[in-house]
Structures are given as structure tokens and as C-alpha cells.
Amino acid sequence: MGWDTYNAYGLDYNETVLKVNSQLLVDLGFRDLGYNVIILDDNMQLRQRDAKGNLQENKKNFPSGLKNISNDFHAAGLKFGVYSSAGRYTCGQVAGGLDHEVADATWWAGLGADYLKYDNCYNEGRSGTPKISYDRYAVMSKALRDTGRNITFSLCNWGDDKPWEWGGDIANSGRISGDIYDSFSRSAPQCPCGPDEYYCQLPGGGCSVMNILGKAANIAWKSQKGYWNDLDMLEVGNGGMTYDEYKTHFSMWAGVKSPLIMGNKLNKLSPQDYAILINPAVLALSQDSDGSAMVRRRRQSVDDKDEYGFGEVQVWQCGLSGGDQAVAFLNGGNNTRTITSDLIEIFGGIPTEDKAAKAWRVYDLWGDATVMSNAEAGRILNGTLLPAQASRYFNRTEMSFEEAIDRNMTSVMGTYVNTVGAFGSISAEVPRHGTALLRLRPVKSQMRKRDEL
Amino acid sequence: MGWDTYNAYGLDYNETVLKVNSQLLVDLGFRDLGYNVIILDDNMQLRQRDAKGNLQENKKNFPSGLKNISNDFHAAGLKFGVYSSAGRYTCGQVAGGLDHEVADATWWAGLGADYLKYDNCYNEGRSGTPKISYDRYAVMSKALRDTGRNITFSLCNWGDDKPWEWGGDIANSGRISGDIYDSFSRSAPQCPCGPDEYYCQLPGGGCSVMNILGKAANIAWKSQKGYWNDLDMLEVGNGGMTYDEYKTHFSMWAGVKSPLIMGNKLNKLSPQDYAILINPAVLALSQDSDGSAMVRRRRQSVDDKDEYGFGEVQVWQCGLSGGDQAVAFLNGGNNTRTITSDLIEIFGGIPTEDKAAKAWRVYDLWGDATVMSNAEAGRILNGTLLPAQASRYFNRTEMSFEEAIDRNMTSVMGTYVNTVGAFGSISAEVPRHGTALLRLRPVKSQMRKRDEL
Amino acid sequence: MGWDTYNAYGLDYNETVLKVNSQLLVDLGFRDLGYNVIILDDNMQLRQRDAKGNLQENKKNFPSGLKNISNDFHAAGLKFGVYSSAGRYTCGQVAGGLDHEVADATWWAGLGADYLKYDNCYNEGRSGTPKISYDRYAVMSKALRDTGRNITFSLCNWGDDKPWEWGGDIANSGRISGDIYDSFSRSAPQCPCGPDEYYCQLPGGGCSVMNILGKAANIAWKSQKGYWNDLDMLEVGNGGMTYDEYKTHFSMWAGVKSPLIMGNKLNKLSPQDYAILINPAVLALSQDSDGSAMVRRRRQSVDDKDEYGFGEVQVWQCGLSGGDQAVAFLNGGNNTRTITSDLIEIFGGIPTEDKAAKAWRVYDLWGDATVMSNAEAGRILNGTLLPAQASRYFNRTEMSFEEAIDRNMTSVMGTYVNTVGAFGSISAEVPRHGTALLRLRPVKSQMRKRDEL
Amino acid sequence: MGWDTYNAYGLDYNETVLKVNSQLLVDLGFRDLGYNVIILDDNMQLRQRDAKGNLQENKKNFPSGLKNISNDFHAAGLKFGVYSSAGRYTCGQVAGGLDHEVADATWWAGLGADYLKYDNCYNEGRSGTPKISYDRYAVMSKALRDTGRNITFSLCNWGDDKPWEWGGDIANSGRISGDIYDSFSRSAPQCPCGPDEYYCQLPGGGCSVMNILGKAANIAWKSQKGYWNDLDMLEVGNGGMTYDEYKTHFSMWAGVKSPLIMGNKLNKLSPQDYAILINPAVLALSQDSDGSAMVRRRRQSVDDKDEYGFGEVQVWQCGLSGGDQAVAFLNGGNNTRTITSDLIEIFGGIPTEDKAAKAWRVYDLWGDATVMSNAEAGRILNGTLLPAQASRYFNRTEMSFEEAIDRNMTSVMGTYVNTVGAFGSISAEVPRHGTALLRLRPVKSQMRKRDEL
């Protein structure tokens, strides 16, 4: 969890941008929720290396120097993230890391870097099989480890050559698609592969939320502790989607356990968008210690398509630690509808599934119990209320999500809705492009102990 | 033929599991039918190697030590099978064999291993062309041979990079798909390639019986003596399918000459499932010395789809030793139906085919003559009857299938149904998701000797 | 042009087979038409090499020894063709040439070999990119050249890794598909790629004539002098197709300039099939010095499908030396029909094409002028008439096709039908699964000399 | 921008061809518009190298010698372009550059070459992954740089192995498809991949304008300053398309920023075709300093298909320097129609897009203001009028397009049509297979300065 310059600023960011946003990460309570890494995305270094072959800072944009900026972050309890590309240049055409891995890892470690996002542009054609791509990225993985510094390694090769097969050997997360675009379902020629085409010959960019989520559906099960599928950064707050669409975007990224890296301008956040990003019940789902990613249980075409021709209802599910379950009803149709699913479908479509034969208490993660009011959110944003003073703010630094879950606290459990009996059904009214996100808890411990044999 | 821990126990098995099931392999007569290898699947070794780089036993799970367990198996006339992955880790994240092939093969040989199932997880991206995958697996093949011990090598790379093209050079069998799931036709996002997509970019798991069988259809002819397509382990006995579905599963795995490795809990077997697994007529088909795999002769979409949208009728055929033929009528529709096929279709659709111009006696391999009654099966399972005392049990150790076939014994021939004339048709009523499995024998020897020229 | 043991005899041929068929190649006039190479296909050598690593003859099948057989062929004016595989074994599991290229090429040269068919079985996974396959076959190409003997190199890797891209650098011809089957349009699971899928992940075998021809359509233009697309051997004479189907098979193989290698039993030929194979007008088209392969100009689905669901009308065309043109109207529907095409379509669909603006004399290559009567053919086959005495036999050894074409001889021109004017249409009644094969000759030389600029 | 021998002359060109066309490049004013490189395409060198391994001139075709020809070009203010293939031979089977890169680059530099078109034939199978192809072409890139001469490197590997991923590391442009054919929409078997299949296993040749444009749509965004997608040479003037089709061809090649290399006979140009090629407003769009390629915003199937079954309406857009915009309405239907699109669609389909909320002045780039009359064009072509004397000729050597744009000159702005308000629509009547090409200029500077944060 963190914040990255790219989605909102592109190549055009500087020290002021970093100062303003890092301060707001702290002041708005994001840091204490876990959003604690700031990533300086593309355009941090110059195009030319120095005489020794080392990277050079962009002193014009960062007059204080990167080391001082990094120190400031660390002093504020934040982590310092950097960016480069496993190519001759980065996508923004400054110096890339290919064939300079040791020098660059050393340089970053010297700056106190905690995180590397490593892109795929200008890769000199070193792709085409998993082996070729693995070999290219593994060099940097080793260089990072050899610095002795703990640097999170975030693969960004857009799903090329199937990183879900090999990324776990060398990295902490791996992108699965072309770059995200701030749209729910727009199709664009620069993102030519549809939502089913997880194995894509041209990942491109400009990919909508529904496009990327579709690609994630088939490979969600490849995510696990230690290596996460990365669906790209969050667009919440950038204005291209409705409130319900942003809730869907955030709910599903949390459900499939994608890294949650904000890509907005924190000084421009609306109260509604702020309330989305700090919803503790959704964050507790994202950070659940079980680490299981949601699996799609239903994909149903509907007739009420939106302006881009998209129209689907989807049902997703995953297990959570302690036997709880998470369920999402995604209404990708163009009208409000009631979505209903029975426990057999929710748990995978097998009538003999044990979990379908139990009763569950159902909690709504977007209910009143966890969503901050616009009034309170507005006051926090304008500085007249501290997060700690707000009624729906959760300070994860003071209490972990796990502990809150163990205590059955409303702030992470969500709003109780009803109880569903064995083989029963769950229904929810879901607005256009919205998502009902639910937590299910066994009525009592009915999980039979596994037979010894 | 054998038994493996994975389908029923996952990573969660131990010495007790092995003792109970190995004893039942003997007591229930499985061993004497040919099910004589026990495979300790994923989680046999620890994640860490010892100081010399050797594998380490999981002593907590196997307090007697693996060598003693292996000795016990051998003493009982059973073979000792092991598991690892051609990767840094196994799928269950204990130590894998990649780049440790000689050490590991030596270790297994020292344990008295007779069989290795070698998986594909955490392979460091060494895939993408047949050559890359071949090179990775060939190292282990050589290491096994160099131990001097005869160890069956079972490739498990899920059909990645087309093992049917190269597996025969180095191994005894090769998986063709993602892992099986205990369902007849459920589709699942983690098994994204449909039954036609034998060349799959994401083999995944959770694949249904009909999904895997479809993938086998196009590559069935690549199976031959010395190298068999492996459709993954049997789910018979695990509860996810109906009696007819399990009979289809077992019939077709036998027909396409897949290895028959049980993946159940032998102490939980129902009489019906037990009777499936010990049907001598089906096993004689599976173990036929001719080694030809069934070929699909018809694939017909039908309107009565099941709840997962699957609805197909299929006809399969292969030749057997001595001129007999095997034919399967698979009813993948949702209702009982009569399936009819004429000899021209059965033998490949060529009107000039010699075999279509002959008369054949038809035997039903699932008729009364070969299927044990529930009563008898139940008494064997509860220990009040010895297999040798039952009326439909065949002791392959006492008499080979070949000899029984030569003697025209009902126990391996099946139940005589009728005789079909030249260019005639065969019909069978087949229940929903069931299969009529037939043996055809020439009325008299009409096979013309091949022309000298 | 030649004759090969495989289609008719499989692995089961011997010295007698060779003697009978080689004698008939001479006696029936095939040799003098250009069918002058006999290929000993799979199973010529033993599975084991000798102590020095050299191939060993199969002395049981060839008691006189291969060298003597080769000498006999040469004495009879025939060429000696051999077979192996770029793998550990051949498809029939005797010793293959991989990593023994120099030894084997030397051995073959010592036997006097003139032709090598080099297969793709047991290739140790050395495939997956054009480069990997090229490297494997190029070694043998060099080894053959280094023997100093002129040995035609016939690639047989089934279209794997796109030999049409690189075969011309190292070989004389290259197979484009899985093995042919003696059927016009049957589909079979072992040939899973349809007629459009020239880039096939499982070439397989059992491919019908229409399946292979479809694959050829997109790559026909890659054939040129020095490297020909090979559509596999001829099935004419083996009984699986009708007279019209065999004429289509032969016409189209000739039209796309595939090697014409018979795969039949010459002592079992029917008069009709014999008359197909010796039609001089079709052979003159096949052997035309211009070397252009026919291009498909129309592919039209029709409603009268055959029993396998196939139903297409196709129009093909290519230029010939001297300005003549060849046109084929293929009726792949299930009923006789009249096929009509205008010159614009025939010449590529461009209204401004010069050739469409000319008048042409039309000749039928399957008319009375070139097809031998059953009576005469029968007498040749039963030895009561010498080919030289028959009225429709053409002795290419006495006069080349080129000279006959220059002399405007009916035997190679075909039967004059009519004249089509500029932008006019040609029609022909074509039986079910038959082909009208036409030669067009300019009414007078209207080909404008190319502008200097 | 330049002129190449291939489309009009194939392998059959000589010194006279070069002299006539180079003279006309000057006399007809093409050079002064930027068409200043002449490329000697396939067949410049002999098949055999000399004793030292160097290329040899084709002295028969070029009796003055290539060096003298090159000197003449340079003296006339033209650049000298050469051609070869990254293979053993060129497509026309003369000596290719593979494994002779240094020798050949040196030879070309000695001839004064300014441009290399480097093809893909006879590449010895060195393809199959981006890495393999990159490695093959990168050798020549380095060899060219090492000559010390500034030689533009034009990749011509037909889109094989995705040059848009790696071409920018080593070259100035890269072909994306098989060879162009002088037809608007004809489909041909030698160009088997449809307009969507940018990732094509057989690029082939004979590809129509709409086929190639379709392939460009998905990768247009990969073009940028320093590396351009090359849609192949222009067919304008060769007679296979109508006036409207040629205007579409030229408009779209300019819009997607393809190199504009004429492939015609300059002494055969019609007045209409000449007027297309010299339209300064379209050329100013092509050469815009912003370097953004048009993106397709709409692809709409229509019912009025043409004779080849093609029928689509397309809308394309890109930004230009200074805030102007370019828009194309392509009518690929078979009848004249009015095409209408609103600003939201034109700018990417996002309702919140700033550019949609502005007013724009609309200019027609094919209006009277920029298209030379047939009368004037005819007089220039017959030598009775100098380009400088004509009313619609723009001399780019005297004034750059940039300056003319800055001055708001009609000759580069086009004909003013009307003004469209915020969120308004633009309509244009477009003939069959024609294109309305528009420039949009903000009514006044309404582009908000980017927020500091």
C-alpha cells in the first residue's frame, strides 16, 4: 500500500509534488492505515549516466537532492520507492537499468530506497519466452538482494511472458496487464486484448478497470503470500469514474489482493473519494493474513450494456483467515439490479461443498458502519478535523486489522445485514457499475475438523 | 496403476495415512489387480536442504523415517513413489529439484524409490519452447538413470510446451493438462482453457473430467508403449460425482490408456466406487498389450445441457491385442438417451475400411458379469469377506489379463450383448453422464492377411 | 516425382516390395514420365547403431543388401531415396539422425543415395522457434553437401516452426502439414488444425486432401524454384477416394507445385488411377519451368455439404512459362454444379489487371485428348500393351514437356474448349468433389512489353 | 519522405529509371516538399560476393557505377538510399547482409548511402522471439553507426516478432505488415492475417490499404519521434485505386505518421495523383513536430459492403503541435454518407476530457485551398508550368511547415469550414472509400495550464 506519482502527474512531478503529497499521507491518516510507501515513478533520473556509468539525479526537479527527500520520508515514517525499467531507457526515455543492475541497485540502496517498480520499456527485444524475461528481471532481483537492503521488488512487465509463472521466484508482485486508464469500461485500441486475453501479445495501455479485472480472473489463484498479481495503481480520486465505479474499482482490487497504490493528487481529493480509500473493512479484507485472492464464480452477460458495450454481472469469492469468507456482487450492467447467488455458486458450484451446508452471518463492507460521512471527510480534508477524531477512521498502527477482526469490531466487520441458512441465497441491490462487498462469518463454528484420514 | 496422497489429502498427510492406505491396497485386493505403487505427493521433504545441499525428511510427519516406510512398502509387495518439482520449490513450497537433480535422484534411490512424479512449479521461467522445457526435465531423467535404480519417471508439466512431442524421449508418462477436480463438467476460471485447447497458455487447475478428456482427444494418438498421456489421478471415491459419472471417468481414463492412479481415501470407499475401481474387464482394456489409446470418432453437441452448460455425445474406439476392439458411447447430455453408431463411424469414417465389413460380437464391460454387487463389495470393505472369496474379483497376480482374454473368460470379456453384422450399427441406452463401454470380438477370424505387396 | 513405400506399406516393406514396384515404375512408363526416385521410407535401418555409431541395415528385410538394391535402381535409371528423422529415433522407432548427421550422411552417400526424406519424430524437444528447428535441420543439410554427392533434401517437419520461412536456405522441399490420409474431406482428431490453420501447434496426421490443400492456400506463394511446399505423398490408387476426388487431389498437387511422390501399390493400380497418374497435360503443368504455384482466388462456402460437413467451391490460378495460365475450378460441394468465374477474379480481383483485358483460348487438361482410355490402361497394366504403343502416353524422356508445349501438342495442351474474350467468363460443369483444370493461352501475343519506365 | 523503385518497377529497374525519376523529383517540386531520398530497392547488387566477401555492383543495370549515381543524387540535393535483407539473400535472391554486416555497411557508406531499407527474407530461421530478431537486426544497426556516416535505418521485417517493442532501440522506422498491394480492400490468401491481427504468423504480401491500416490501429501509439511505424510505401499513382481511395491512403499514412515513400512512376503521374502527393496541408500534418500518431476512436461496421466484403466507418484523431488537433472521418462503406462524431468521441470517449469542453475551428485539408487544380497540375507534369508558379504549390525549402502553421497560412491550415462548440459535433459528407481530413484549432487559447500539483 502506498502512493505513486504516475497516474496523476505523469513525467511531470517535482520535489514540491512529493512534499505536498507525503505530508498529506501523514496528515490525512493514510500512513497509519498502511499506505506508507511513496514511489517516485518515471523521470526521477537523467537520460545520461555519469562518467562512471552511474545514474544521475534530476537536480532541476529535485533541488534538495534525492537523499534528503528520502531521509525526510523515513523521518515521517514513510518508505522511499523508486522506479526504473529493465531496458535501455525507461518508458519516459531516461536511463534504464538493463545491463547496469548492480550499479543502479547500489545507487538506490545508497538513497535508502525501500521499493523498486521495474518497468519493461526499451528492453532490446529480450522477451518472447518466460525464460528470456525471467533472466532479464532476475539479474535485478539478485542485485537488490546483494545490496543488503530490504527492497521490495515490483515487476512491471505488463503480463508479458506470463510473470505469474515465474515472478514468485524473484519478486514480490507482478503486473498482469497494460497500464490502467481512469475509466470503468472504455475500450481503446492501445489496449487491444480483451478482458479474457490474459495472455496478450500487446499489453499496451489505456486499459479500463473492467478490462484489467477480467484478465485477473483467470490468474487470480496465482496470487499468494510473497507474490501478488498487480492490477496497476488506483485511479480513485482522478475524476474519470463515478462514485460507484470507484467503489467497485477499490473493492475488487482489495478482493483480488492487488497492491493498493494510490495514483491521485491528495490535495484534490473529494470527501467521497477519501472515504473510499480509508474504508477499514475493505482494507482489512485486502490485508487479510490468509492471502487468498478472490475467484470469479459467475460471469453473466446482461442486456443493459453501457455506452461502451460492456454489460456483465459477476460474483466473486475468497476465504479469509479464521474461516470468514468474502463475497462480491459486481453489477456491470447499466441499471440498478438485485443480484442473488446461492451458497453453492458462491463456494464454487459443487453441491457437496461443506461450506454451502452451513449458515452464515452477512456483513456489508460498504454500509454505514465503515463509510465516513461526507461531512467528516470534508473536515479532515480541509484540516478542521484530525482523522483520529473522526468516527469512522481506523488507526491500524494502534490496532492491527487482525486484532480488530478477532474482537469482532464493527469497523472492520462492516454492517450486519442478515443471516443466510445452509444452501440459502444472498441478495443485494447493486447500483449501476457498483459492487456489493460482503463478509460472511459462520453462525457458529461448524467447520468440521478434517478427518484424520 | 497405484495410489497417490494428493487428491484426498493435499499437503496434509503423514505416516498414519500411508500405513492405513497401504494396508488397504493389499487387503482390498488392489495390489493384486496392479495398483501397486504408492506415491508420497507434495510435502514429503522440508523446504530447507541440509548443509550438504541434500533434501531433508519431514520427520514430524514421518517419525519412522522414509526409508523404513519404503521398506515396509516393498515388504508388502508395493512400490515406493516420490514427488518433487522441476523448480526451486514444489507447488507446496518445499524444496524442489531444479539444479539439484543428481543429489535428489541419489537421495530417492537411497530411499528405494520406484517412481517419481515431477511437477512444474517455481521453474524460474525455464519454459516457453519445447527445447527449454525438455532441457529442464532431461537433466532429471539422466540423473534417475544414472542411479542405476529402475525409477519410473512421470512428467507433470501440465501439457506446457507440448510434452507429447518430446516426453517419450525421457519419461514414461506425461501430464497433458492442469490438475483434475472432482467434477464431471464444471468450468472454473483457474482452468481457463476449454476442452479443445490442448495447447494451453495457462493449464491451471480445477479442470473437470470432461475438460481433460477433451484435451486428450487430439493427442490421444501420441500415447504409445513406453510413453503415456497422463490425464491426472482418479477422483473415484471422493464424492464430487455421481456413480455414472465416476464410471465414465474410469472408463475413459482406461480407454485412452492414462495411468490409473487412485487419489481417494481407501478407508472411506463406498461399495459402488470400490466396484468401479476393481472391474477386471475395464482394467484388462486399460492394460491391453497393444497399447493403443482410444480415438474420438464422434463429437456431437446435444441440446440437453447440464447445469454447467455441457452437453455432448461422444464415440470413441481403439484396437486391442488379438484383433478385438474397444468402443465407448459417452452420453454427456443431461438425459438418458440411446446412442447408436455404425461400424463405419466407429472405425474412422472411411467406407472402405476392412473392419467395417466384418461381423462382431459385442460385450458390455459394465454388465453384471464384471461388476461386483454392492453386497459383496460392502462385505469386503468391512472386512467380512476376502476379495478372493468374492464372485466378481479377479486376481491378476494369479492369472494375467492376457491369459484370461486368450481363454475368453467372462470376467475380462464382459457381458455378451449381441452380434453386429457387417456395416451394421451398435446401440446402447446410456444414462446421463454415463458411458457404455464395449469390447468387440470378430465373429470368426476374418482379418485378411496383409497382402504381400 | 517418384514413389515411396510409406502410404501403402507403412513400416512393413521389404526387398520384394521394392523389386516389384521398381520394375513397374519402368514397365508402366512412370520412369519415363519423370517418376524416377524410389524412397525407402521408415524402417530401412535398425534401431541400434553398430559399435562405431553407424547405422545398420535391416538385413532381414533386405537380404541382398541396400547397396545392391541401390545399384539395381541406378542400373534401371531410377534414383535411390532414403528416409530418417531429425530425432533420436524415426517415427517408426529405428535409429534417427539427430547428432549423427555426418556419420549418417556418409553412410547414405556410400549407398548411393540421391534423396533424403528427413522427418521430425523424437526430436528431443528441439523446436519452438524457427531458429531452433532451422539449426537442427541445417546440420544435416551441411552434412549432405559435404558428402560431395548430390542428394535432394526433403524436409519433413510437418510445417512446424514455419519451414516456408527458412527451408529454402537449406532444402529442396518442405512439408507443410501432418501426414495425409486417403480421404477427401474427413476430419479427424489426430489432425486438429483446420484448413485455415497453416500455423499449427499439433500437425498430427490423418489429414484429408482438402485439409492440406487449405493449409497450402496461404503459403502457396512461398513455393518457388529451388524450394517447394510439399503437401505429402499421393494417395491415388489406394482406394479411399472416388475417381473424381483422386483427379482433384492430383490436379491440385500439380497446380501448387507439390512434389509428386506416389504412395500406392503399383501392382494393384486400376486403369482409371493409372490414367490419372500419367496424364501428360497435368504433369506438364506440374513441371512447368516458370515454377509458380497456384494461388486461391475464390473460397466460397456452399450449402451442399458432404457427410463430413465439408462444402466449398474454390478457384485457383497461376501463370505458366510463355504467358500461358492455369486455372482450377474445384467443386467441393456435394452435387455436380456449374462453376463460373470471370477473368478479373481469375487474375486476382483487380479490375485494372492487364491479363483480364485479353482474350484466351481455353484447354481442358482432363479432356479426351490427354486421358488414356480404360481399355488401353488396362492392357498396359496387364502387360499386353507397352506404354509406348498406347495412344495417350507421353514419353518425356524422348521429348521434354517444354518442347511439346512449344510445339502446341495436344498431349500437353489438353482438349480445346472455347475462347474467352476480354473481361469474359469461363464456365465448367464440375462433378461432386471434382476439379476442372484448364490451361489458358493468349489468343495472340497481346502481352505488352513492360514499359521501360 | 522519398521515392523507392520497388512498387512500380519490382526487380526490373536500372540507371535510366533512376535518372528519369530523380530528375522529376526535382522538377516536379517533390524534393522541395521533403521527398528527398531515392531508394534503390531489391536487385542493386549481384548474387555473388567478390573474392574478399564484398558486395558487387550490378554493372549491367548501372553502367555508370553506383558511386557516380550517388554523387549525382547528392549534387541534386537528393539522398541515396540502399536496400538489403537480414538474410543470406534478399527477397529477390541477390546477396543479403546477414553475417556480412560490417563489410556491407562499409560498402554502402563508401557509396555515400544515407538510408538503408533492410528486409527479412532468407533469414536462416533466426526468428521466433523478439530477442532472436532483435539480435539479428542490431548487428547491422551497430555496423551502420560504426561507419561514422549518418544512415537512416529502416527495419523491414514485416511486423514479425513485434518490432514495435524493440525497433526503437536500433532503428528509425519499422514495417508493421506484409507488403502493400495497390488495392483499397481486396483480401488475398498471401496476406492471411486480417486487419485486427497485428501479431501475425505469416505477414506475407499483397495486403490492401485497409488491411494494413487496421493492423496499424492497435500499435499506432507505439510510433514516436525517433521511431515510426512504417505502413509500407505509397501506391498513389499506380492505378489500382480510385481518386478517393488514394486520398484515403495518403491521408491515413500521413495521419499515423508513417514514412511517406512514393512507389510510382513519376513520368506516368496523373494530375489528380500529383495533386494528392503535393497537398501541403496533409504533408504539414504528416511532418508535425509533435510526432503523435492518430488513434482510432471509432470502428463501426456498416451494411454497404464493397465487392470484397469490406464495410467500415472509422474515426481517427491525434494532437498536433501548438494545441491543434487532426481528425479523420474514413468512409469505408460502399456509398457516400455523412459521418458525424462529437468531441467526446473524437477525444477518446471520456466525458471529463478537457478538450471536449472547448470550441474549435474546423479546417478541411482536402478543400480548394490546398488541392491544386487538374489544369495546373497537368501543366506542371507536361513541363509548361514550374511548381513555383502554381497557385497551390508550397515550397517547404523556403518556408518550413512550422512557420507556415504559426502564420496561420491557408496552404497548410486547409479550408475553413465552421466552428464547433463545446461538446458539439462535427459532420462531413464523405464519398465511398474517401476520407474527410480535418484540422481543429482552438477558438482561443482555452487550454488550462496544468495544475502545479
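Residue numbering begins at 1 within each chain, and the chains themselves are lettered A, B, C and D in the order written.
In this section, contacts are C-beta pairs under 8 Å (C-beta built on N, C-alpha and C of every residue); 3 or more make two chains touch, one makes a residue touch a chain.
Since the model is a prediction, treat every value here as computed from it, not as a measurement.
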Report summary line: Taking shared numbers over all numbers used, above half giving same and below half different, the chain C and chain D interface sides are different
Report summary line: Rounded to a multiple of 5 degrees, the Cα superposition angle from chain B to chain C is 90
Requested in this report: Specify the chain most distant from chain B by Cα centroid.
Outcome: D
Report summary line: The distance between the C-alpha centres of chain A and chain B, rounded to whole Å, is 42
Query raised in the report: Where the CA atoms of chain B average out and where those of chain D average out, how many Å apart are those spots?
Result: 59
Requested in this report: Mark out which residues of chain A touch at least two other chains, giving numbers and ranges.
Outcome: 128-129, 132
Requested in this report: Please give the residue numbers of chain D that touch chain C in the complex, ascending.
Outcome: 9, 12, 16-17, 20-21, 87-88, 122-129, 132, 182-183, 186, 188-190, 192, 201-202, 204-205, 239-240, 265, 267-268, 308
Requested in this report: Note which residues of chain A are touching chain B in the complex, please.
Outcome: 128-135, 138, 161-162, 165-166, 168-169, 196, 198-199, 217-221, 295-296, 348-350, 352, 450-453
